[in-house]
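I've put the structures underneath this note.
Across the two complexes that follow, subunit A remains constant while its partner is subunit B and subsequently subunit C.
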Partner chain A sequence: MAAVSSLSAELGGTAQGSAPRALRAGQRRRLNLFRYVMFTIFGLFFLLPLLAMVRFSLEGSKLGTWSLAAWKQLTSYQGPPPLLPAIEITLELAVITSVVMLVLVVPTMIWVRLRVRWFSRVLEFLCLLPLTIPAIVLVVGLAPIYNKIERVNVSALMLFWAYVVLALPYAYRALAAGLNSIDATTLSEAARSLGARWSTVMFRIIAPNMGQAILNALLLTVALVMGEFTIAYLLTYVNLQVELFSISRNTTNAGVLFSASSATLLFTFVLLMILTYIGRRLHRGRS
Partner chain B sequence: MQGLSRHYGPVVALDQLDLTVQAGELVALLGPSGCGKTTTLRLLAGLEDADTGQITVGGRDITRLPASKRDMGMVFQAYSLFPHMTVLQNVAFGLRLRRVHASERNRRAREMLELVGLDTQADRYPHQISGGQQQRVALARALAIEPQVLLLDEPLSALDAKVRAQLRDQIRRIQLEVGITTLFVTHDQEEALAIADRVGVMRDGRIEQLAPPTEVYSRPATPFVAEFVGLSNRLAGTVSGGTVTVRGRDLPLVDHSTPPGPVTALVRPEAVTLASDSTGEAGPLTGTVIASTFLGATSRVTVDLGDTTILAQLSTSDATQLPAGSRVALTIRPDPVLVSASAAVSEE
Partner chain C sequence: MPFLAYTGIFLLLPTGIVIWNAFRRPTGGFTFSNISALNTSTVRSLFVGSFELCLISSAAGAVLGALLAYAVASGNPDGMIRRIYIAGSGVLAQFGGVTLAFAFLAAIGPTSGVLFHASWYYNFPWGIALIYVYFQVPLMVVVFLPAIDAVKIQWREASENLGGSTWHYWRYVGGPLLAPAFLGAALLLFANALSAYATIVAWEDQIAYVVPQQIGVSMISEVGLVNFNQGDALATGMIVMVVILMTGYFLLQRRAARWQR
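This part shows the complex of A and B:
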């Protein structure tokens, strides 16, 4: 009898247990379907204009024909100003801006989190402030400073000062998310109780645990620098975007404008992919 | 520690605290939340500064030394292993900071991992091991630097009951094996009583009693200690001639200098025994069982005495003989009891 009741209880238990599992499987299927549908809609929303742009850049002289003329014109462009130095300067700007931003923001954020927490709201406000200032207003403010800089140095690399300010809100947000995901206070106290100085805590304990956040900040900064046009153009410096603009303006072939835009997007996309790949490799190597 | 005080704005976290821990001793600080036990530990570790007072370790004044120079090993309540380092690297971190040679560093780190029984997990990362294992690694890491004092800040509170009991015993075994002076902070009285050489019961930034666990339990120095450590029945009584009369029964006093008059006597549930009452006559020590709580080997029985209720702790086999509704006669064992001057009596 006991065996019978225990068997029926087991069967009942199985039946009861399988019902929620089936429900969960159904929910999961619906969720997956929803994900695919949304992914497709948004994918098409972003992809279709890009495909249209590429298609237009490959448009021949007659409507509906194909031609590489616009791309050839882009690659054979000799200036003025020449294309290659503009690419070089933009890449250098991306590196310098990223390094300066990380050196400036990472230690400051960790220090504020660990030592002067009351200042964190002020720091957040200061870092997010550039978001609220339109680029044109920023240029008005920066113009007198850059006028003075130009007297001693005309290199477009000087744009990194402005780009660090522009990248600050995005980098701050990415780094703050990373810092919030770890128990920085306990980790720092554990390290200090083992004999670590503040510099050791910052650079050997907290910063290595923000690897993903640092990579994200880096990607956002690079993407911003690669796509920046307004400030460089208004301050009369030549970066990649300004260069592409001048190429498209100096040609009668409208397709060049689109080949230039496609090339920029492709270039930035490939660069970000490389950075992401390197970051993931580093992360995987550790864990 | 002498005259240690710490204020957070208007809140007094520590109020002129004095505490001396002997070499090789394990002292547990026990108390409710906000009583100042963690603050004491943090001041000792140098993670916070005292407003006033002095901290001396082995005759050396360390009050103004930064945490990194205090030579204290600490295990935290929250998991505190460095996520980007392996278990071995975590344990070796303190030695690395002390510039111990790599081979010697690894040897000592492995020795510590062996001590906590985790030498097979050396190459794993913290996220690959359980919470209990993480705390054991944290203990190994704290011990690896051979600190003068080991500080344990509620290291078991995030663990489940079984792992908690196992790790508690392991901490005590290792502490005795290594012979390290240890300060253990907890709000769990069972943990404190089981592990410590002496228990310090704290309240409002002060130590109310610092004594061996048996003394804290059986001879509490203050009503607060009696009520915080273990359960107590609060029964009305009258002091006269060095004894207290509770419901017609004379009981000896812990403090013989208690002035005569009405008091509240604090009687432990295990000092109360019950027997089935077949006479049915009402009396000051007869009542009706109204509830029984199963605790494993023992059960806690609640008895209604008419004007109040009383708790008795019996073996479960005895308690099952007295179901709810049974008439029972009570006996109070003549253990020394503590009294408080409070006139209002309520049952705990």
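This part shows the complex of A and C:
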């Protein structure tokens, strides 16, 4: 597949004139050989493990046969621990985390952009800090805090407090890109001089103009929550990834392990595909 | 502002707690014994293990990722292949964790591999390093591609007009230009491998080879060896390392950005 698509890229390249067209023919041939080899090797390296996992999930009771049994078990697998509640919890966490993150970050970012610009460096630092502090370190410090939370509520949904922090860098970068692409100051001055209150400026003027950025931030947050393992596992909650881990450790049911893993991946890939696809369409619509 | 309160409680406070507890006795009072307790052969081997794994996976990831980034950059800037590889790298760089280890188990697991049965699958560090390379290469592409894109074709033409060969170009023009960006990206990859936990636990959860695994063991242990202060001390060690790496990364990025404008 990689070779086919690189071929089409080449056809497009000769038509439009690609960057290194100034190279001599011999160099160009060697460069193209190098590119095809790279694309093929890396295409295989990236695709084969994923395909192997899907193939394994379709394995029948006898080796080498095909069967949907493992995929049918996705809803019925009883564990221990059962699979379906873990999926539900993870999806609920994804929704709660996204909502809390938006409510927390979007007004703050707009407010800082419009009223307290000197604060923007601090905001950026705080938002990107979780990239520097690994989850495995953060969870050590979160443990005593979660001890207190568990006295009030023991539900795994409480994980959202930590997940919002993990999602901050990704959401911030997506939202910052959106905020930079519009002229927030002019928009807010226009609205203010027409008599709008600050809340109107924020929620009815600026935020609707950042639709694409907000969608990006949402999808990235959902993808992050779907794949989170470290914090849930070490605070002894069961989410989807912890569930997959315990299936792999406690049972010999390899089929359902690989079908659930494949399903998770497919779901995340589809989400991120939506992100790139809608992003490109909106972009095209504007330009 | 609610934002400050939130990040204060769930970001700054946990980090503070880790560092604070690293210097405290379980009974209260300050001590350096948690830190000096790190100086045992067991813990040293963990740091050595982390270093080996990060060095191998980030060196391999940086070199291979740079080659792939160059292959992507030298093609048609609007081409299909470029779009696929950029979107794919963005996804795969984040794709780590439990499912990645299972994908490799399905592909080359020692008894179950669909492709072949790799007897070295559970060898440290090579088996796990191969799995790490899977997300290190895409991350390198994401971080390094902007630097390669900023290299101007005119510089190559100038080098050729002055009689320089391909070797001369890379030795005296392209190489020195890209070196800071390359080293910076390699540091980022190193920090990335250092922080990874889920992948290596899903790969092997019985033996602790690297620092994050031991932090996990110190937090939950089935044999009653829970030792929070050791976890805090190890975590503080990791904070120190990551801060050094990230500082290096930012300095090198600044150096690299000089000619990108």
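Keep this in mind: the second predicted complex is superposed on the first by the 198 of 287 C-alpha atoms of A that agree within 3 Å, B and C clash if a C-alpha of one lies under 4 Å from a C-alpha of the other, contacts with A are read in each partner's own complex, and residues count from 1 in each chain.
The definition used in the following text is that a contact is a pair of C-beta atoms (placed from the backbone, for glycine too) under 8 Å apart; a residue touches a chain by one contact, two chains touch by 3 or more.
On a predicted model such as this, the values are computed, not experimentally measured, just so you know.
Once chain A of one complex is fitted onto chain A of the other, the partner contacts of A:L187 are limited to subunit B, with no touch recorded for subunit C.
When the two structures are aligned on the shared chain, A:V164 is found in touch with subunit C, with no touch to subunit B. Once the two complexes are laid over each other on the shared chain, residue contacts for A:I205 go to subunit B alone; subunit C is not touched. Contacts of A:I87 after superposition on the shared chain: neither subunit B nor subunit C is touched. In the superposition on chain A, no contact is made by A:A70 with either subunit B or subunit C. A count of residues in subunit A touched by subunit B and by subunit C gives the higher number to C.
Once the two complexes are overlaid on the shared chain, A:I110 sits clear of subunit B and of subunit C alike.
By the touch criterion stated above, A:A217 is placed in contact with neither subunit B nor subunit C.
The contact sets of subunit A with subunit B and with subunit C never meet.
Residues 2, 5-6, 8-10, 12-13, 16, 18-20, 22-23, 27, 31, 34-35, 38-39, 42, 45-46, 48-50, 52-53, 55-56, 104-105, 108, 111, 123, 126, 129-130, 132-145, 161-162, 164-165, 168, 223-224, 227-230, 233-234, 236, 241, 244-245, 248-249, 254, 257-258, 261, 264-265, 268-269, 272-273, 276 of subunit A are the ones that touch subunit C when the two sit in their complex.
Note for the complex: subunit B touches subunit A at residues 45-47, 66-74, 76, 78-84, 93-94, 97-98, 125, 127, 138, 141-142, 145, 151. For subunit A in complex with subunit B, the residues that touch the partner chain are 182-183, 186-187, 189-197, 200, 205, 208-209, 211, 286-287. Touching subunit A in their complex are the following residues of subunit C: 1-3, 6-7, 9-11, 13-18, 64, 67-68, 71, 73-82, 84-85, 87-88, 90-92, 94-100, 102-104, 106-108, 112-115, 134, 137-138, 153, 156-157, 166, 191, 194-195, 197-198, 201-202, 205, 212, 215-216, 219-220, 228, 231-232, 235, 238-239, 242-243, 246.
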